[in-house]
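In what comes next, chain A is part of two complexes: it sits with chain B in the first one and with chain C in the second one.
Let's look at the complex of A and B:
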């Protein structure tokens, strides 16, 4: 086991720059999740770490050892692939022992370790089968098993759960977390699913277009997103954004929201007055009924999940951001979602009073998208 | 409107009818151009026929053709020649075919051109290829003799087509040259269907290049290898034009394979019944050999 230090790694394919100055320090035993939308360079970073791709510049060290120009097999890491990449002509046991065999470990030792790993993962009865005779979930375990028998310095996992159905995914997610607690091997996990990132990670690295947006623990990421992109990506449903203008009033700053002058939770108020800002409000921070700031709406759509309700409301024109500013789809730009916990049943056409606490608001610069605190 | 239960071919219970219906023309055609001649030749092989004519009255049934065949030294010689040819040519076809396929499967500049060059011998008609080689190996002004002398392998010209061993070697060379592109193309197709992640996983597992070849590439190619091997062996087994144009089966019957012998008996000595018997034996050997090859192809992919 060892820490990993990635120092300003870049990667370009011809003229296309896929990774820009990626730097990350990972502590020994840490579980780090790389998350971001499709095509942002997560897999590329992982392949560079594994040595399957060459970095255009920058250095990588695993446990104080510079591995930037080392062959994948000499880096002492194990990788779990999205499609598992189990060798179809080998039995499960041989698949798991393949890495040890390639390193010349003797047969008895391979057997012992394979059996041990199979016991941890509960796949002892599958050892003599071929991969094609396994279900998706079983293949996934074998792929994990192949990684853990090697007892490597670090695990790299590239979307290992994306081929499983929703229920199995939740189950396996918990299992991987438990496995990590047990083995304490440094793990780098790639996903585009923010729920996986939030539930599993010690630290999340959120990326967009090859640039790191924020590195933080799940809680900090949720409470203090560094910019509009992070705020919109973390959380489900994503944060509501309302465009408005900041005004200096007395010692503080207010913004006009739904016709009210709302005081913003900002420390350095002076610099902000008169600027275009975007105010962020999480769907779960909107409550039904009157509160500190209340407004009345006619819902466009109400989705009920039993224990909670998603209320979709058309945003007033003045709060809508310019098209294409956030990169997300049109409906998020023009609507506000409220997530009501344990709601009373209500007819969809009726008007509805919603409220929020101004202390829960997030404030972002409209031009740069950076958070203002 | 309910359709007639009998004619509704879309019903699950009738679905296989449609298949048979669509297959029927092809089956009839095959029966006409393959099965019928097959029966005729099996029939002929049990008669003492010299020139076969369909309007001839049937000759009495006899096993004389087969008795003569199994007693004939020429037949066993032809079997041995054929066996040697099949083994040697298939082996080198695979060596060259797999080698070139692995080479042109790499990404490099001019890859398309390289693939074209590898496949080129396949596109040249057999007879033309043989004529070119006949010239290359000509004893007095052929390129090969000149080359061998220049390099210093031999000190006097070899008469390629009058020494049994040399003639056999030339036949093998031409067959390999003509046959390896097919293997190469098949292997290339097989190679490209191996997922990149198998190699990535093997690399992370620490497998060196040759270990990846032995543990990933070859096993993944096994189904393709099995089929290709059968096709190549059958091709060598029954190839006629290369040997016939190059050596005619000589010298001293050193290159007389079963198909050459069949031809010679049928159209050289007009012993149709006897030739048919050789043909039938060839067929049986081919069927058994290919059954064995296909059956032992691993079922693991």
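Let's look at the complex of A and C:
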């Protein structure tokens, strides 16, 4: 096992740059998740790390070894692919032992390690089957087993759960986390699913258009998003954004929200007065009933999930951001979502008082999208 | 209901008619081989000889060096197919996997070679082989057949390799294979159905050639292939069509046997289970 140092890695295809100066230090035994929408460069970074693609510039070190120019097989890493990539002509046992065989490990040792890994993953009874005779979940375990038997310096996982159904995905997600706790092998995991990132990662690297937006632990990323993109991507449903203007009042700064002058939780208020800002409010930080800042709404739609309700409210015109400013769809721009826990049943057309605590607000610069604290 | 039945009846009639058209020449070849030569021209024709000449095959093999001809055909076909497979596996794999400048044009250029009629190449090839002193040698038709087989098999294999997920090679490379090693150890075994179909295509093409053998091998009786040998059984004034038909059946049998052996590969489906 070893740490990984990625230093200013860039990847271009002709004039198109898909990865821009990507730098990341990963500690030994750490579970790092690269997350972002399609085309953000996360899979490209993983392939460069594996040696399957060449970086246009930059260096990669695994442990103390510079592996930038090494072949994939010489990097001592194992990879789990989105579509499993099991060798269809080999049995499960031979699939798992293939990497060891390539490295000249003797047959008895291969057998021992394959059996050990099969025991960990509960696939001992499948060893003589071919991949085509396995279910999706079983194939996924074999793919994990193939990575484990190698006892590599690091695991690279490229959206390994995306082909599983929802239930199996939750189950396998927990299994991979448990496996990581047991083996403590440095793991880099790529996904577009923020739930996977939040539940599995020691640290999340969130990417957009080939650029790292923020590197932080799941809690920090949720509580202190670096910019509008991160704030909107992490959390489900995503954060509500309200356009407004900052005003200096006394030593602090306020903004008009739903007709109230609300004091913003900002340390450096002086520079902000008079600027256009976007205030972020997470759906779960909105409560039913009166509170510190209350407002009355008529819900457009209420979705009930039993233990919680999603209340959709039309956002007042003055709080709507310009079209296309955040990249999300039109309904997110014009709606506010409140996530009410253990709600009382209510008819959808009835007016409803909602409230929030101003200390929970996030503030972003409207022009740059960067967080202001 | 009635309309559906009529449609089915028409469909089956069509299938039966097509099969009859395809199978009739083979049936007639067998009838001709087993009939007395003197009875071949009788009207109305006999659809099955009253006394089939089952001994004709043994007699032909005793009279003519059929086994030698078959051996030469086999040597030429195996040689041409082996050479073609080595070249077209590498070429097809490269065209499928590597994006290089001009790669697509190169691929199309290879395909245009297939569009040229085989006879167009006979004279230039004759010139080349004469300079290389290969006229009369089996090498001449091995090389000539390879020029016909390679363009098509390269494209067949490229198409087959395109269907194999790249992640398989990636997995093999992460497991410690070189790019060539990943191809040999993973991609080729997975491509067995494609390779078998391609090899069979090449074998049939080489086995059924007459023009090249006639041009390059006429003066070397010991190297005659089966097709060339059979045509020498046709006399200037009298041709024994029964014997020629019997010899033709003997020549067709190896291809039939190969089809039966490779049939399970030709059906394909080996890649099932490689991915989701």
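In this section, the second predicted complex is superposed on the first by the 373 of 373 C-alpha atoms of A that agree within 3 Å, B and C clash if a C-alpha of one lies under 4 Å from a C-alpha of the other, contacts with A are read in each partner's own complex, and residues count from 1 in each chain.
Here is the rule we go by: a contact is a pair of C-beta atoms (placed from the backbone, for glycine too) under 8 Å apart; a residue touches a chain by one contact, two chains touch by 3 or more.
Given the structure is predicted, the values throughout are model-derived calculations rather than measurements.
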Do chain B and chain C fit side by side on chain A after the overlay, or clash? clash
Looking at the overlay, does A:50 come into contact with chain B only (first), chain C only (second), both, or neither? both
Using the touch definition from the top, say if A:299 reaches chain B (first), chain C (second), both or neither. neither
For A:163, decide between first (touching chain B), second (touching chain C), both and neither. second
Look at A:89 in the shared chain and tell me whether it touches chain B only, chain C only, both, or neither; answer first, second, both or neither. both
Contact-wise, after the overlay, does A:136 reach chain B, chain C, both or neither (first, second, both, neither)? second
Using the superposition on chain A described above, determine whether A:225 touches chain B (first), chain C (second), both, or neither. neither
Have a look at where A:81 lands relative to chain B and chain C in the superposition and call it first, second, both or neither. both
Chain touching more of chain A, residue-wise (chain B, chain C): C
Residues on chain A touched by both chain B and chain C 47, 50-52, 71-73, 77-79, 81, 83, 85, 87-89, 98-99, 102-103, 130, 146, 150
Within their complex, state which residues of chain C touch chain A. 165, 167-168, 170-178, 181, 186, 189-190, 192, 270-276
Spell out the residues on chain A that touch chain C in their complex, using ranges where they run on. 47, 50-52, 71-73, 77-79, 81-89, 98-99, 102-103, 130-134, 136, 139, 146, 150, 163
Please output the residues of chain A touching chain B within their complex, sorted ascending. 47, 50-52, 71-74, 77-79, 81, 83, 85, 87-90, 98-99, 102-103, 130, 146, 150
Note which residues of chain B are touching chain A in the complex, please. 195, 197-198, 200-208, 211, 215-216, 219-220, 222, 298, 300-301
